[in-house]
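As written, the chain order gives the labels A, B, C and D, with residue 1 at the start of each chain.
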Amino acid sequence: MSGSLPILTLLVLVPVLGAGVVALMPRDNERLLKLVGVTFAGVSLALAVALMFDYRATGTGFQFVSDHVWIRSFGISWKLGVDGISLFLIGLTGVLFPLVIVGPAVHKDVKGYVAWMLLLEAGCMGVFMSLDLFLFFLFWELVLIPMYFLIGGWGYDRRIYATLKFFLYTMVGSALMLVGILTVVFLHQRATGHLTFDVVTLANEQSLASSTARWLFLAFAASFAIKVPIFPVHTWLPDAHTEAPTGGSVILAGIMLKLGTYGFLRFGLYLFPQAAVDMAPLFLTLGTIGIIYGAVVAIMQKDLKRLVAYSSVAHLGFIVVGTFGLSQQGLEGGVLQMVNHGLSTGALFFLVGMIYERRHTRLIAELGGIQRVAPVFAGVFMLVMLSSIGLPGLNGFVGEFLVLIGTFVTHRWWAVVATAGVILAALYLLWAYQRVFHGPVSGENATFSEMTMRERAIMAPLVALIVLLGVYPKPVLDRIAPSVRELIAHVQEHSDYRQPAVAAGAAER
Amino acid sequence: MMHAVWLIPALPLTGFLILLATGRRMGDPKAGYVATAMMVGAFVVAVGVFFDLMGLHGEERRFQQDLFSWISVGGLDVHVGFLVDPLSVTMALFVTGVGALIHLYSVGYMHGDERYPTFFVYLNLFAFSMLMLVLSDSFLLTFLGWEGVGACSYFLISFWFERPSAATAGKKAFVTNRVGDFGFMLAMFLIFATFGSLNYVPVLEGAHELTHVTATAIALLLFVGAVGKSAQLPLYVWLPDAMEGPTPVSALIHAATMVTAGVFLMVRVNPILNLAPGALTLIATIGALTAFFAATIACAQNDIKKVLAYSTVSQLGYMFLAVGSGAYVAAIFHMVTHAFFKALLFLGAGSVIHGMHDEQDMKYMGALRKWMPITSGTFIVGWLAIAGVPPFSGFWSKDDILLAAFEKNKALWFIGLLTALMTAYYMSRQVFLVFYGGERWKKPEAAEAHGEDVAHDAHGAHGDFKPHESPPTMAFPLVVLAGLAAVGGILKSPLERWLEPVLAHPHEFASSSSTKLGLIVVTTVGALSGIGLAYSIWLRNRVRAETVEPEVLRHAWYVDALYQKIVEAPGRALANFSAFVVDAKVIDGTVNGVGALVRAGGTRLRTVQSGFVRNYALAVAVGAVAILAYAVARSA
Amino acid sequence: MSVPGAWYLGLAAMLFGIGAIGLLIRRNVLIMFMCVELMLNAVNLTFVTFARMLNDIGGQVVVFFVLVVAAAEVVVGLAIIVSIFRRRADATADDISLLKG
Amino acid sequence: MDWVVFVAAGIAVLAGALGVVLATHPVHSALMLVMTLFGVAVLFVAQQAHFLAAVQIIVYAGAIVVLFLFVIMLLGVDRSENVRAEPLPFQRPIAYVAGAGVVAAVFLLARTTWVSGAQSAAGPADGPGSNIEKLADSLFTRYLLAFEMTSVLLVIAVVGAVVLARHSPTGGVRDSEAS
């Protein structure tokens, strides 16, 4: 089916079209607006699912590439493509957006909310698929604007402060990356004589001097590190997550943080292999600090949403460690962990949002004993939380374990410290669970209502994926593996790094 | 039948899923019977597998079943598969067997609880996890079970989560276990980095190539995991608190099965342990110290379940003493007999609590043997077994361990012997306080006020307070377990032959038979003198209770307070410091500081914007002049 | 004999300078406007001069466009002035400083 | 002859310009402006830009200055201004320096730098055909798009002027427009 259909282009255009349609509709019929919005998001999901089925698991390189010259004189083209690394992030994007459009109650201006969400979806899809640096930067910035309005328009009390912080932080990184992109392209032109923004060409021709490459890598890394976020540039995250509306937090945690980690893989390691290898200890250290630090800070948070936000800092630390551990397991685990974190933290934000809708507070101290009055709610929360803790049999474990075991093989001591984060994750989440759900129930908590059918319908796909990916991650891992293997081969070819044989296994012979 | 091994964990899993979906509709007691049926089914399958395995000859007694690929990445290839060998079948048999009995017991015990179906959901999930743990063919899948039982233990300890103490105890158990899991995970990483595999068969067969250092590292890291799971020093603190859970849970998880997982793991990796004598010595030492330490605490506890909990810690210490002495069979043997008598004791205690309307303090019991004949009869069997009185099962297994310890190190043996004496003493104290002596019951109102447990209101025969015997569903498991606890000793030599294939170097007792006999006599005398001591103190009242229950023991050597001081308080302070000083002030302060700087600069600069259009025009003109001046300067 | 282009250019420069100074020192918005016209005329004169000197009609084409744009500018500018004066009849450029930071 | 015309027109231009700047009364300024515009028109003629000279007279002197006068008269703002007073500090000295600086810089620059002399695409100014023909030829072929766009610009300017100057239905002008 997709052999003839420009499926990737459609994945970008359908949400844009949806945003346009929603923008033209009257603003008073909220149900219809949501229906139209979810239809477009649903079409995107269907396309993403079709993409995953049509993707050749054994294939190498980028698939479904659509390449059209856009601005010829600057060598800019509309070039989209997927590989095993981006495939499931696209799938995750497809899954989460319909849910955030129908899921949380939107307290005002449904039209704007739905339209911005669809535009955001287009931007996220675009980032994950772009194979042209210019196009990538375009989508990268495009993502910012809807999120700015979503937090600023539909957020909680300190939303203006949070949006401004979020926006400025990200812009600082973006500015550095823009300089990096232009420098890469023009230096490449000076070296080879032709001007192109094509990532694949730039990566394969490797025309940069090593010291230059290191600086350029840092310019890119600054942008990605802020987006991830890596300690110590993480402080925008708790504010933005906490002040964003439920849907915004879900997308922010579920997808937008992955833009950074994805960027490290696609543009960091791919464009600057030697620099990435040289800088790996720095980022491993920062990632490890993030794991421990995020968890320690999370322990004491008084606001449930803020706690989940800090847990993201810790979880994203694992992905960074896996990425810069540069082993087959670590990288695959990192990619898988991106999806996992999107599912489990996305689900956690949904649940915290539901708590807020019922109790109009997110303060842990004001909650308590909810399990007694809403056992199903508590059960779902528990499952999602255990996934976040990394209980084997649920998705979080697979990614975390692969990251750690792969990193242990290549960078032993970092992995040892990172593993300690596993203990802390249990501590802060269980303590929070205990304070919110256990204990005697009293006051307003006694009227806490059980999950509605609509809420169950929203959580069902997430819960199903959490369990499925924990029990049988093979289809996913099999599709990620060839791309990761290629990436490692690429890094080895262009740097002095050699992956230990234990990690590579028989497939690498 | 061998190919049906997957059914052993699959049946409890099915039960879990069925109850999860429809348990609430089934209700009390149907849900309990469904869960029990699944366990009985699993037991039947396990017996079938056992006989199939018996049919094979010694070295061939190994069967692997591969279900599907779980995590397969690069050099790492882990499948969901089972390793059937004498060790795993032994474990599976007693887990399903004891598990089925405890399920049946729970049908009666939990009757009337408002979350009755949920209890069986957890219980079946626990059984599934435990069976995955013992049957798996790889470290990673064992870890799945390992964590699964941990999670179920958490659910079940905090089953009555309205009580803050129960909720806290559950959390404490999970987190403490996680500390151990940290070691387990690192051990797996090291195994993978060394062998390139996590499957038992290649790793254990390749173990002989290990260097001494690596073997010691792996052994110690795995032992860290075992210390957490099996409640050894210094991570034992969660187990006494775990008694907040319903009594069947204490019996199943915190006595018979889960806590022995650490011992199982140690025996499973015995080829690696054999290469690390230093690690073995450490294991034996920790085991012996734990056994002694916990026994001292058990002597001064008043809560009927707390005594049993510390006793479990102590007995687990025995098992590690055996492992550390290289007597793996003795460890497994004691694990099995301990499962019988400790499950029996816990269930008996549950029956007592049930009959006393949720009274747990032994000081308010007494003379119950008249009122609860089955319970008291079976409990006494359990008592004699754990005390090591011949010919009950505990005598045989404890004797093996002490013999092995004697050969390993006389000091460890002496600690073990002292512990045996104390074990006999505190168990006798318990029996005498509960079943003999005078009636020291509280009045009904007081009992009501004391019993925090609201779940059993249905039994409160208000007005005429009389202890009553438990229903048949509870009594039947007691009788069966009492039978097993009494005659379990006969398993000794079959078990030795049976387990031989899984051991790299079967342990041979080197001592002469006269030494053995001497040790048996010493041990027995020790046990009997412990009983005698208890008799004179608690039935004859020769000594005042306060003198044998020093405050320090009553408070368990203040270990919890110590942890509170050296771990929790600094940890909390550190977390507070990180969250509210480092993060909020230092890091975010820097960020906001940059913002404030820009703002201050802007405030200064804004005065330039006078708003007068002629000023702006002037600025344009000056700019033009500047540009022209630059051009002039350049052209000149 | 015809006058050299440089003289015209010099004249245009002086005209431009007078216009610029006028714009900067006068407060009456109407007169400021007229000064803008002076500057535009100076530029126009330059263009026409260059058109002659370089023998290129392009300079005159530009002047044509400048005239059109100047016309449009005056129309809009005067409309703004009208609406300003409607509020305050004696307004000068210094009375309006809404852009003050 | 050429010199006579140039000097005469030049004096008119400069005198008119100074008059615009120095006159206290706006009406005087407007009349002085007319003088400058005429002078420039003469200079156009002297340089064979006949068409532009005509347009200069018609559009500038005829239309724009009249518009100025209309506004002055209609709004009754024909009060004289105190030219000596200067409320903004440093405005005047800097203005003189800047104005003189521009002129001086242009002169200085002219000594070292000159136009390249490259031909534009519009074609030569001499040769057969009248000035109007050549201008028209260029405007309606090469610069047709730009020419058409000026028409759009004019329309927009007219619409804008109407919107700005119109009385709003409620009476006064809205704040955002008025100030």
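Here is the rule we use: a residue touches a chain if its C-beta (ideal position, glycine included) is under 8 Å from a C-beta of that chain, and two chains touch if they have at least 3 such contacts.
From a predicted model like this one, the values you see are computed outputs, not experimental measurements.
The interface holding more C-beta pairs in contact, when A-B is weighed against C-D, is C-D. Averaged C-alpha coordinates give centres for chain A and chain B that are 37 Å from one another.
The mean-CA centres of chain A and chain C are about 57 angstrom from one another, to the nearest whole unit. Rounded to whole angstrom, the centroid-to-centroid distance between chain A and chain D, based on C-alpha atoms, equals 60 Å. Separating the CA-averaged centres of chain C and chain D is a span of 4 Å. Shared interface positions of chain B, i.e. residues touching 2 or more other chains, are given as 610, 612, 614, 618, 621. Chain contacts: chain D has residues 88, 91, 94-95, 98-99, 102, 106 touching two or more partner chains.
Arrangement of the chains shown, judged by which pairs touch: an irregular graph that fits none of the line, ring, star or complete shapes. Taken in their complex, chain B has these residues touching chain D: 610, 612, 614-615, 618, 621-622, 624-625, 628-629, 631-632, 635-636.
Against chain C, in their complex, chain B makes its touches with residues 605-614, 617-618, 621.
Those residues of chain C that touch chain B in the shared complex are 20, 23-24, 27, 32, 93-94, 96-101. Residue ranges on chain D touching chain C, taken from their complex, read 2-3, 6, 10, 13-14, 17-18, 20-21, 23, 26, 29-30, 33, 36-37, 40, 43-44, 46-49, 51-52, 55-56, 59-60, 63-64, 67-68, 71-72, 74-77, 79, 81, 83, 86-88, 91-92, 94-96, 98-100, 102-103, 106-107, 110, 115, 117, 119-126, 131, 134-135, 138-139, 143, 146, 150, 153-154, 156-158, 160-162, 164-165, 172-173, 177-179. Per the touch definition, chain C reaches chain D in the complex via residues 1-3, 6-11, 13-22, 24-28, 30-31, 33-35, 37-38, 41, 44-45, 48-52, 54-61, 63-65, 67-76, 78-87, 89-90, 92, 94, 96, 98.
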